[in-house]
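Lettered A, B, C and D in written order, each chain numbered from 1.
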Amino acid sequence: MTYDLSQPAALMAALLPDLLLMGGAMALALLAAWRPASDAHQRLVGQGTLVVLATSLVSVILAALRGGEATAGVIAVDGFRWAVDAVILLAAMGTVALNIEQQPRDGIRHAESHVLVGLAASGMMVLAAARDLMVIFLGIEIMSVAIYALVGLNRRSARSAEASLKYFLLGAFATGFLLYGIALIYGATGQTQLGSISAAIARHALALDPMLMVGIGLLIIGFGFKVAAVPFHMWAPDVYDGATTPIAGFMAAGVKAAAFATLLRILYEAFYLVGLWIEPLAWVAVVTMIVGNLVALSQRDIKRMLAYSGIVHTGYLLVAAVAATDLASTVFTFYMLGYTLATLGAFAIVGVVQRDGEGGAPLAAYAGLWSTRPWLAVGMSVFLLAFLGFPVFGGLGFFGKWYLLSAAIDAPGRLVVLSIIVVLTSVISAGYYLPVIRAMFMEPRAEGATSPAPTGALTRVVLIVSAGLILVCGLLPSSLATIALRNGFAPHAIPDEVRATGAGLLR
Amino acid sequence: MLAESLALSAVLFTIGVVGVLTRRNAIILFMCVELMLNAVNLSFVALSKLYGATGQVFVIFVMTVAAAEAAVGLAIIIAIFRHRQTVHLDDINLLKG
Amino acid sequence: MHAFFDGIGYNGWILPVLLVLPLLGALVLVADARRFGTDQAEAAMARSRSIALWICLAEALLSLGLWWSVDVSSAAWQAAVTLPWIPQWGVRFAVGLDGIALMLVLLTTCLMPLAVLGSWTSIRERTHSYYALLLVLTTGMLGVFMALDLVLFYVMWEVMLIPMYLIIGIWGGQRRLYASLKFFLYTMIGSLLMLVAIIWIGMVVRRVTGAPDFSYDTALQLARLGPIPGAFWAFLAFALAFAVKVPMFPFHTWLPDAHVEAPTAGSVILAAIMLKMGTFGFVRFAVPLFPEIAMAPAVRSVFLALAVIGIVYGALVALVQPDFKKLVAYSSVSHLGFVMLGIFAMTVEAMQGALMVTISHGISTGALFLLIGMIYERRHTRLLADYGGLASVMPLFAVALTIVALSSIGVPGTNGFVGEFLVLIGSFPTQPWYAVIAATSVIIAAAYLLWAVQRILYNPLTKPENQALRGRDLNWRELGLLAPLLLAIVWLGVYPKPVLQKTEAAASRLVQQVESARLSEQRAQTGGAR
Amino acid sequence: MHTDLSASGHPLGDTVAAFAWLILLLPLLGFVANGLLSLTAAAQPGPADPSAGHGHGDAHHGDAHAHDAHDTGHDHHPARHPAAKWVSLIGPGVLAAAFGLALATFLAMRGAGDAMHAPFVLTLFDWIPTGALQIPVALQLDPLSMVMVLIITGIGTLIHLFSVGYMQDDPGYPRYFAYLNLFVFFMLLLVLGASYPLMFIGWEGVGLCSYLLIGFWFTEEANANAGKKAFIVNRIGDFGFLVAMFLLFANLGTLSYTGVAAGAAGFEMGGALVTTICLFLFLGATGKSAQMPLYVWLPDAMAGPTPVSALIHAATMVTAGVYMIARSATLFSMAPAAQLTVAVVGALTAVFAATIGLKQWDIKKVLAYSTVSQLGYMFVGVGVGAYTAGVFHLMTHAFFKALLFLGSGSVIYAMHQAYHATHAHADAQDMRNMGGLRRFMPITSTLMWIATLAIGGIPPFSGFFSKDEILAAVFARTHHSTLAEATWLGLPGSVVLYAVYALGLAAALMTAVYMTRMMLYTFHGPNRTGTAEQGHLREAPWIMTGPLVVLGVLSAVGGFLNLPALVGGGMSEILHHWLEPVVGEGTLRVTLGEAAHLSHATEYALIGTAVAIAVGGIALAWTRLKPAELVPAAESPAEQGIERTLLNKWYVDEAYDRTVVQPTLGVSRTVLWKGLDAGIIDGLFVNGAGFLARGLGWLGSQLQTGRIGTYAWVLVLGAVSVLAGFSFR
């Protein structure tokens, strides 16, 4: 059935999952303020948030099963949106579950953190659905403001305060660029909805209009910051290091998913007639992969290393975006699911191994983990190998990278050069994933190193679910492949002569 | 008239960016970012004269969002001040490497 | 015999069972470790060892049936099983055997129980995980030899990487960390480039037939359509991945480190089976899929030159190694140089010789590493200078080491000679100069191995530690372990006919296919007609 | 094993020759039996857990029976090996049975008469059936292989009997006989094989056994080194043999003798291909039969027990090269240049080895260099196409050289018993410690004199006939033969042949001198062993002197097997007619169709000169040398000048070591291993790449200063570059 977005009722129906989440979050905010901050209270609010997130996920799944699409309007109703929403909600639920058990260990008792996670998730869902520049700006701001606060969650540690300051200042700075880009695009085309922008470009042959070019450039810079692509990535390692572990995981998974979804939608729906953005984006992808991997080699702290690994995966996803075929969106959702599961799992284990109150996760803490907590070590190896894209042991990670490479190689531009860079940089990535596995399995336990605290019930659930899904889907990805195939949005095929203008790196 | 106002907003925007790059105080940095946002508002208003009211609606949105952002931002700056007794950005480099 | 196997539909289920059985074994081990805990009590270790041994023995017995049930003369894949795996991407779980793959599968299944027996007493800690990794490794290796689908081949190729990395890394010697990381990165670079090549083939098939399809047979038909632009790079990617694994000359520096640092069973499997994946890769994938490119004069002479350099270089460097394991590692580089020479000489005799060297090298180098493991358990040193005069205190060990050394040198009457002789006499008609240079390694091989054997067995028995070995000769387990290998050495040396006949059909089919492609390419070039 | 007798349809098919494979099998069974006896007695498997450190416990227990009596002079009588009785039965018994069967086959073959023109090929089973290369395990019985089998089994049995006495006190007694039987099996396989690859199996097999037997007392590092040196130098020869086989297969498609003989007709006479094949075959022969470039291993091979030297390094193995050239007579006869090379190398080796033999003090070294020299003679024989002469000298040499070695063996045995009794530690093999043994060992000394006269070439002993026939053959071919017309390195064939003849005479002279020198110093003049030891010097037991007597008779009458044509009557040239079916065609081709004949006058002249040379040599030695002045080895002064160079074998070993061995080791250690492998490939590329990546990574992390200012700057720079990327169109 089609949602006629001009009717408020239909608009509300189309936005049902988002509204459920926002309403629930508001109610929980009230509940959180109701009783003095205490462990039991924050656990209760946390469980409440989980329930809200679960209902929203159920409504997303129902909407996806019901199918249906929307008339041209402010938001989109298609499989891609539901898929991205599912990924975001999965990430949010994982983060809340980990947060419930991590906060007491970090001495944080206030319950608002779970509410903030819910709100951030709602911002991301808005982003996933947005088809209008204004709604996109709103979604980004809802998400960002919530996450600025979340990063500064641990009031008693100067590191998290510094992290939130850095994230806030640079975030606001980048949003400035983004907004200016939106303004220039609005200036050039006079439209704010993506569909009408592309129509305006076609009508006025604005493909090479300088104002539009600068606008798109600024847009890419804004989104580049949000997904931590290399020239704009400087904030990521420090913020991941400063923030509490579950929140860092949430940022790595959720923020990246939402930002990328919007970027794909903008590029393919609004600017499919403009070939010029393919070349710069390709160069950003290449630089991201190379610099991200190289700097990660010299990291001694696991959280900072995972931050750089997040940056590298942004590079890989940019390659999928540059491929710009109908496969691109399916590859994105498929890859994103695998990546989110692995991130949640990895950050969960970092949290468990981390000693109470301490922020960092030095590599030495993992030495000989296999002898004391064998299943934690095995779990961490599965997640790292998933990041590396290793078959069977890394399961879904491999097929994600496989699907990415086949999209790149199959793309009309025949991005063989890009796929070789993907492959060679992932060899460098083995250079920093393996030392962790090596430390856990092959190095003796440092004397006096205490065995990590027993994992809480929820954390164990998160670990088992993520590792299980990665390994099972890693062996039998066909069912997942069909879901992803059905839920991609077919971008307008970029005409070859347009693609040729952006040939550059793509030969 | 449009070109001049767009040029003015571009100049204001650049001033804001330069401000962010050169100044060392957190609050001043934040004010420069606000300056950049207002520069964009200016260009929106100028453009809405050409394309109708959507530009001005956008300005309203931007202002409300800037306000929310300011609230959270200043809270963060206060928190950092409570920890480090300074907002001079060069001293705030615990997280590096 | 044939009727019996058809009766129980042996060909229908044997290959998947061979793959799954070790995995079940690994799961049983893991379950056993969880239920009884891995307290280092002798009982726990004994239990894990016996589980692993029974699984490997069952695997070996089951696979022996293949010797009769696989009809090597027919062109169709034997014991083939095809199951849908990822239909959306055209990927199938397809396994099957021809003459060449049959011999390698049997080599693997028969060597695994010996490897388990070899590490009976040398592995003391965390034996459950050790044997579980060994079993997963078996699945990986068997999968590589059986795969008829490019993606399945790639997945199995990578599956064997992690267990071997962990085996070297956890139970290895002093420099195991460096050695295992180097081993992993070396293989990974090659295999990831191969991944790009495999996807490229899949996409070319998609462009030709509409749907992506990674089955080996469609790729073969693709190869028959003549060279496709960009095929050279795909061939190079395949060749690099396999050259690293063989190892061919410039890419071999991981082998000595990996062998020296790996535990006994690790180096036995590494040398006897995993090196053969490189050569098997060339015979099954790199050459048949890109015959014109592989046989183009420039490419072919590069590979032949590297093979011959590998032979002579490996032998010369082995001459000066102080460490016995490193010496055997460099000798493996030399032996596998023979295999590559045999493959790229592209005559039936040379190809048969190459396959014969693959099998006999597996047996003799496997036995050598087992023997080194045995004296290492007693003396805890691998340096040849520390030994001397062992023949008078350990006569059984002396006899075994002499026979295995002779087989590795390639004295007629042992399996080593048959393979090398066939490679040389087969490659002489097409590559006379390369064959002659390769033949000089016959002299150097005798030099380095006899010198090593002399420094261990013969020189005066002066060191007290060696004298203390009196009365601690090979025990019944070790003798039982070596007996099948020594028997195989003599049997294959005296009567290699059955093995040669098993591989003859597949070898001649391969040579005809490649030769016809090469000739048509030559005609195309000279005639100019495309 | 299926023997398809009917297929060959050869008259020998239904005679005892059909069981020829039994001749081969018997020594193999002997090897297996003795091997098991040696293993079961010596070895008991160790404890279940090898790393359990309790070595000290029973060190003394194993000591009694596993240590070697040879080098550690314990006073109490060394316990004989428990299974010694059985081994003494199996070892020689197996050989005797094989000799009997060989005799029966020989008689059957004589009975077959002219049917022997076609060789009797007995195919047992398929060895390597691949593509065009079909190598069955097949035995070929023809007159040439029959002669060799008789020599091997006959002299082998005698030497096995001698060994029973000589080695009975050695703890490794069963192991010794196992190796000896294995050697005979491989030697028989070498001569009976029907194709070059089968000969190659025997070829390398005997190399293996000589390695095991030379290094029999392996606890002595010198013996182990000698064994290893022998095997490696043989392998260099085998490389030549291999390449020859490749050439044959590449050009003819077959490797069996019958096939090669048929295919060889297609080769162009004196062409580059056939010459290369023959030269590579000759390279193989020099390796195995210790000729000029590759002879260095034979003198060192004396480190093995003396019967081994007799069997392997005198009678059988070293003659394999001569047999191989005789077997490929058709090939060699088509390559005059190759034949001349063989003759020249043979002659040079003969002279060179003889010079070294003049100055050796170790009795076995003298005999070793004499063997190298006599082998040079045989190669001259087959080199000039007189294959029968070569084989004849091979046979007679087997008789008297085996006798000489076994004789020296019993001398050494007696000296050893004497030193053993008085606990002296002098060298039992040094002639300077002997002297005047004639009085103590009359039988051995008379038999040794027979052998010395035979090797010297004094009629009527066998050496005279065979050596003279070779020299006559060389002289006959100086004109009117394919060799004479061919050129060798620019020199015309006839001149080369005259030079070869002259060298032959010189070698004969020196042979007579050093043999007489050896006899004088060992058996004549005053005894230098020492008054106390003289009491213990006595004749070796009958088990050892018996074979000496048989060999003595053979050396004396051996010559009558192939009397020169001069003698006339039915008795002349028996061996020539016997070998005619195999080598006849080759011999005729060299002498351009009709048998080489010399006028009676020249033949008598040649015989005269040869006898004069021999007698002159003996007289020269007898007069010049004064055994009385000799002093025992311990006090004798070091030699100076030319004598020192001769004693040190013209420093050839040291030259090889410095020019070949050390450079290869040096290059492969410094350049290949440390330089290229560890240095460039590992150091530069592998670790280098890792270091580069880590370095760049470190640089990147330095950029991460933690100050927001820098971050903002990087962000703006990035933004500017992205925007620039847009406007570049």
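As a convention for this text, contacts are C-beta pairs under 8 Å (C-beta built on N, C-alpha and C of every residue); 3 or more make two chains touch, one makes a residue touch a chain.
Keep in mind that what you see is a predicted model, and the values were worked out from it rather than measured.
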Between A-D and A-B, more contacting C-beta pairs sit at A-B
The chain whose mean C-alpha position lies nearest the overall protein Cα centroid is chain C
Between the Cα centroids of chain A and chain D the separation in whole angstrom comes to 79
Dist(centroid_CA(chain A), centroid_CA(chain B)) in Å evaluates to 26
Per the C-alpha means, the centres of chain C and chain D lie apart by a whole-Å value of 38
Whole-angstrom distance, CA centroid of chain A to CA centroid of chain C, is 43
Note: chain A residues in touch with at least two other chains are 165-166, 169, 173, 237-238, 299, 431
Multi-partner residues in chain B (2 or more other chains touched) are 17, 20, 29, 92, 94-97
Pairwise, the chains that touch are A-B, A-C, A-D, B-D, C-D
Chain A contacts chain B in the complex at 134, 137-138, 141, 144-145, 148-149, 152, 155, 158-159, 161-166, 168-169, 172-173, 175-176, 179-180, 182-184, 186-187, 190, 192, 237-238, 241-242, 299, 301, 304
Touching chain D in the complex, chain A uses residues 165-166, 169-170, 173-174, 177, 208, 210, 213-214, 216-218, 220-221, 224-225, 230-232, 234-235, 237-238, 276-277, 279-280, 283-284, 291, 294-299, 428, 431, 501
In their shared complex, chain C is touched by residues of chain D numbered 39, 42-51, 53-59, 61-63, 66-68, 125-133, 197, 200-201, 203-205, 208, 211, 215, 218-221, 224-225, 227-228, 231-232, 235-236, 238-239, 242-243, 245-247, 249-250, 664-665, 667-669, 672-673, 676-677, 681-682, 686
Contacts from chain D onto chain A in the complex sit at residues 690, 693-694, 696-698, 700-701, 703-704, 706, 708, 710-712, 714-715, 717-719, 721-723, 725-727, 729
The residues of chain D that touch chain B in their complex are 701, 704-709, 712-713, 716
